[in-house]
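Have a look at this one before I ask anything.
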Amino acid sequence: MRIGILTAGGDCPGLNAVIRSVVHRAMTGYGDEVIGFEDGFKGLLEGHYRTLDLNAVSGILARGGTILGSARLERSRLREAAETSAELARKYGLDALVPVGGEGTLTAARMLSDAGMPVVGVPKTIDNDISSTDRTFGFDTAVMVATEAIDRLKTTAESHQRVMVVEVMGRHAGWIALESGMAGGAHGICLPERPFQVEDLVKMVEERFARGKKFAVICVAEGAHPAEGSMVYKKGEIDQYGHERFTGIGTRLAAELERRMGKEARPVILGHVQRGGTPTAYDRVLANRFGWHAVEAVHRGEFGRMTALRGTEVVTVPLAEAVTRLKTVPEHRVREAESVF
Amino acid sequence: MRIGILTAGGDCPGLNAVIRSVVHRAMTGYGDEVIGFEDGFKGLLEGHYRTLDLNAVSGILARGGTILGSARLERSRLREAAETSAELARKYGLDALVPVGGEGTLTAARMLSDAGMPVVGVPKTIDNDISSTDRTFGFDTAVMVATEAIDRLKTTAESHQRVMVVEVMGRHAGWIALESGMAGGAHGICLPERPFQVEDLVKMVEERFARGKKFAVICVAEGAHPAEGSMVYKKGEIDQYGHERFTGIGTRLAAELERRMGKEARPVILGHVQRGGTPTAYDRVLANRFGWHAVEAVHRGEFGRMTALRGTEVVTVPLAEAVTRLKTVPEHRVREAESVF
Amino acid sequence: MRIGILTAGGDCPGLNAVIRSVVHRAMTGYGDEVIGFEDGFKGLLEGHYRTLDLNAVSGILARGGTILGSARLERSRLREAAETSAELARKYGLDALVPVGGEGTLTAARMLSDAGMPVVGVPKTIDNDISSTDRTFGFDTAVMVATEAIDRLKTTAESHQRVMVVEVMGRHAGWIALESGMAGGAHGICLPERPFQVEDLVKMVEERFARGKKFAVICVAEGAHPAEGSMVYKKGEIDQYGHERFTGIGTRLAAELERRMGKEARPVILGHVQRGGTPTAYDRVLANRFGWHAVEAVHRGEFGRMTALRGTEVVTVPLAEAVTRLKTVPEHRVREAESVF
Amino acid sequence: MRIGILTAGGDCPGLNAVIRSVVHRAMTGYGDEVIGFEDGFKGLLEGHYRTLDLNAVSGILARGGTILGSARLERSRLREAAETSAELARKYGLDALVPVGGEGTLTAARMLSDAGMPVVGVPKTIDNDISSTDRTFGFDTAVMVATEAIDRLKTTAESHQRVMVVEVMGRHAGWIALESGMAGGAHGICLPERPFQVEDLVKMVEERFARGKKFAVICVAEGAHPAEGSMVYKKGEIDQYGHERFTGIGTRLAAELERRMGKEARPVILGHVQRGGTPTAYDRVLANRFGWHAVEAVHRGEFGRMTALRGTEVVTVPLAEAVTRLKTVPEHRVREAESVF
């Protein structure tokens, strides 16, 4: 068989582990040929690809990023890809395509699949917000990086009687904030799923100071936002270069807390360090397994599906099912964390 | 309510996170009182305990070890504990006991429960070998430590054209070897579940050298053993002090490979670094959740049960079910890893 | 003897290691009594202190922050402290005071010393900008944190053909940017010591893209600034709450590069994670040695001095010498780094 | 100019950083050509080398090991290399040779230099035992790895009332044991430089238990040994395969302590994890600087010398001076550490 693979969307620790695993399983398990398209669907459309053999994937398991590159593609061109699906498959002699990506990529994968391309998707997102899979690789690494940052900030907050506001990734789903907040022992956690009352955070901090715990760490997802009326909050203005000024929720919230309480409050915006670099052992194992199972699914002819973790097992589920709704933090997980506001 | 908690068995990253979580949930959620027995069941039998309030568990979330201590107790004294269960509960005014421990501890917990003590167990083992729960806390940390070691050893093996044999924990179940071997990209993995042929390892290494990859890393569980006849293997002799000499499988296997191939092969025995120190974010979250759910189970009166992870959810399962058999690595997980011998 | 110790100024990994070391050496080496003033000079002036024995410093070696707390004190009150120096020493029965702090603290220490207080200072700053000592503890940790971030960002930059601008600490001296930039292999480094031409950075990035290296990482000290006319650069405006908007050099530079090159450029502002949390082994050793030598200096009556690293040895140098000028990055260190702009 | 480079001796984090730095400086600074000999002096003698350009050293800065490989060479063949030095230089058209290695390599380098090869050496050893340089790269990484292990072991020792004996590298010099012992807060440190009395260790542990600190961590260099008569100590026997059984000092000491005190004492032998893998930021910076200065020395014609760190500066010193004696831990450093036995 001839299997194509591509990686699309934002960076995510574990992409290289998937590529390596697909190549290993396909070549040593089945004697397949694997080709890798460069820069996501762009490479597929424009014919940029290279053969991947064992040497090509040697030493990449623990490396961040993706050796195939990744680029965003406009929606119109994705549609083009979908429409010429069958033709593309013929052109490259593809028996299967394994696109590795997030919600957007999997939606495109589904379009391609519907149009006749034999597709087995592999879900990827540090945000852990894809339905139908218990977890996605990249998420554990993001949580680990955020937790290590909270660990460091906590000692400073405590020694200097300060409030620290850590903004972590998560535009629509609060999983990173929830788990790094729990793991780091944040005293307040704010999620996109629940508008928060600044007043409640102020009260929590003041109660802590009152009982001698003169510091607090608040972990806030970038997509979190105050309840209406709870905080004067304007979206970032446009500066002289036409760029939106960075005035994310972390910076705003720290300023607001400082203003209301007269206590030092400092924002830390973790940003891209959460989505790059070497994956945790957990993410490497999951990425490995997803790659292995994608090849198995190809050989069983289970197309139009993607790999998914269910409990301890990796299975495949219909792409259709996976991309219909975002997996957000449910109410009972919020209760467990105790400190979500 | 008055809830007792104790930690028993070997060290395991996340124990303090469970203790903290139980205290937090019980006190702030229900206004309970929590007492902690020292050194496991010993403290319960001998009356060594202390009240745990929020200050007592402040700052322990990320700390390895257990603030309550842990000690092994002979089987006879465990039976004594079980027989006097009802009396003990009365004596300390306990409405519930939360023992945190591995297979031995949970068996004891079941005996106490059968004898009338209201018990909610929390499973704990770095080996991940407890049935009825998808994972246990401590395991992720052990795998991470082992993986980081393999990452380091690999560069030396490669530069110096050498075989490295890393012995990781796992006397009866090979989960740590399986996952750290996969995550570290070990070229050979040996599990307690499958006697290995030394010959097969030799062949793998020689094939690697033949195609220019002049090094190999082999990850072997301490409980792995060669198939009968595959390797001359004597159990450790007793030295002049009456101690068994350390001649574990890692050291033996490295010597055997060196002898057979005439290539440098070096053993590294990771040992106790795998079971101590700060837990990973994953383990902290799981430990947190187990503690929270143990208190919930207490308040729902779900005794004779233990917390368990099933997919994404924490549930409770009968203690009886959990301790009947060891969870070992099944055949289909072996296949996924590719490099298990 | 009765020795007082206090920690002042911003957080710095290794403070607790110094405190512990002073207590250990003073108590077990000389049978001294040690008292710790809370929140820096404030505790000294207001009489907040506690006795520190071996138990008080148990387990703090690897902990970030300072168990004594730290607070900024206005200059007027520092003068007050200095003026009442002799009186304060009498009041607390102090035979020596060991203030641990940065340039401000050491200047205050010198004032106290001049006014009659027997003082042995210990220099502390993550910025490594104190003259008379080869290195200060805290610096190695800051460089390590920044380097790990650059390592992570690099893989994302490469996979996604992007420019990453990492802003690290260093308002007046560029040591952190220099060393983390070198260690992380940043393609551009900007220091406070040398105004940079944006044009040169643009050229470097474009040359990289031209020869197929379609990414770049630029490490910029928070105190770095463009040469006059090189970049339209306004200091942060004041927002509706009277707070200065965060518009640091990292964010500005990324926006400017994006504007000029039409390529994605993303800022990451590391912030306070660089100055908190567990110290590296290097910093723990140096902090340990500084504490030990401070006590030795006290017992040799070497007052008005501070500990300093010279080559491999810890010595003491006059406080006067240490605080006269900031240690900035010299020209020959810039040359070694190759990528400083 | 045409510069040759080779790496010899045991693995050491930072080797690749030196190679990269030499290539960068030589090519971009002077337009030199750089060739890399494979597997140390073996490649030089046998003519295995390759040209190193910027692409060849791309992405290796943070990688452990050496892309050039390293192999031990018998003394006779080293002499052969020396004798044919001038001829070899002619054969490869070498204007300079930069050998990177430890004491053995530098001795060989000196022989080559004496015989007419233009040599600038770069010292390398995780043991930090080379005279004439304040520190060597690789050492900081080894200390960091050992310190992280001690951190982990401490929590287990404490929770389980146990003695942990950690054996770290250092056959002839105790620098790793000294600094990781200090950084990890080991209660006992044993160095090759000072035979220890087991009795003193026993006393220390028993005093700790007596005052309620019921655990201890002892950090012992592999080359440490008990004072005569202090401990029955036999060198490892030879097993049936002709291999010496691993019965290092760590294992022996733990057994002996257990025997004498009747308390659990466990050995952990860190082994090769200390000498492989990604270098710390400190080691990367030092390796970078050594490489840069080696090229500068070549262009200044300073042959027969090696790079060295003196205080904050990198200088060159005569090879003759560097290899005459091992740099061991001096008495005043022992005193500072307090817990050396």
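Read from first to last, the chains carry the letters A, B, C and D; within each, the first residue is number 1.
To be clear about the criterion, a residue touches a chain if its C-beta (ideal position, glycine included) is under 8 Å from a C-beta of that chain, and two chains touch if they have at least 3 such contacts.
If you want to know which protein each chain is, UniProt gives these names: A, B, C, D = ATP-dependent 6-phosphofructokinase.
On a predicted model such as this, the values are computed, not experimentally measured, just so you know.
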Distance-maximising chain from chain B - centres being C-alpha averages: C
Approximate Å spacing (C-alpha centroids) for the pair chain C, chain D: 29
Whole-Å separation of chain centres (CA-atom averages), chain A against chain C: 34
Separation of mean Cα positions, chain D and chain A [Å, integer]: 40
Shared-contact residues (touching 2 or more other chains) in chain B: 151
All touching chain pairs, where touch follows the definition stated at the start: A-B, A-C, B-D, C-D
List of chain A residues in touch with chain B within their complex: 24-25, 28-29, 58, 61-62, 134-135, 140, 143-144, 146-147, 151, 179-180, 182-185, 213, 280-282, 284-285, 288-289, 292-293, 310-312, 314, 336-338
Residue numbers on chain A that touch chain C, as the complex places them: 7, 10-11, 15, 63-66, 69-71, 145, 148-149, 151-161, 164, 232, 239-243, 245-247, 251, 255-256, 258-259, 266-273, 275-278
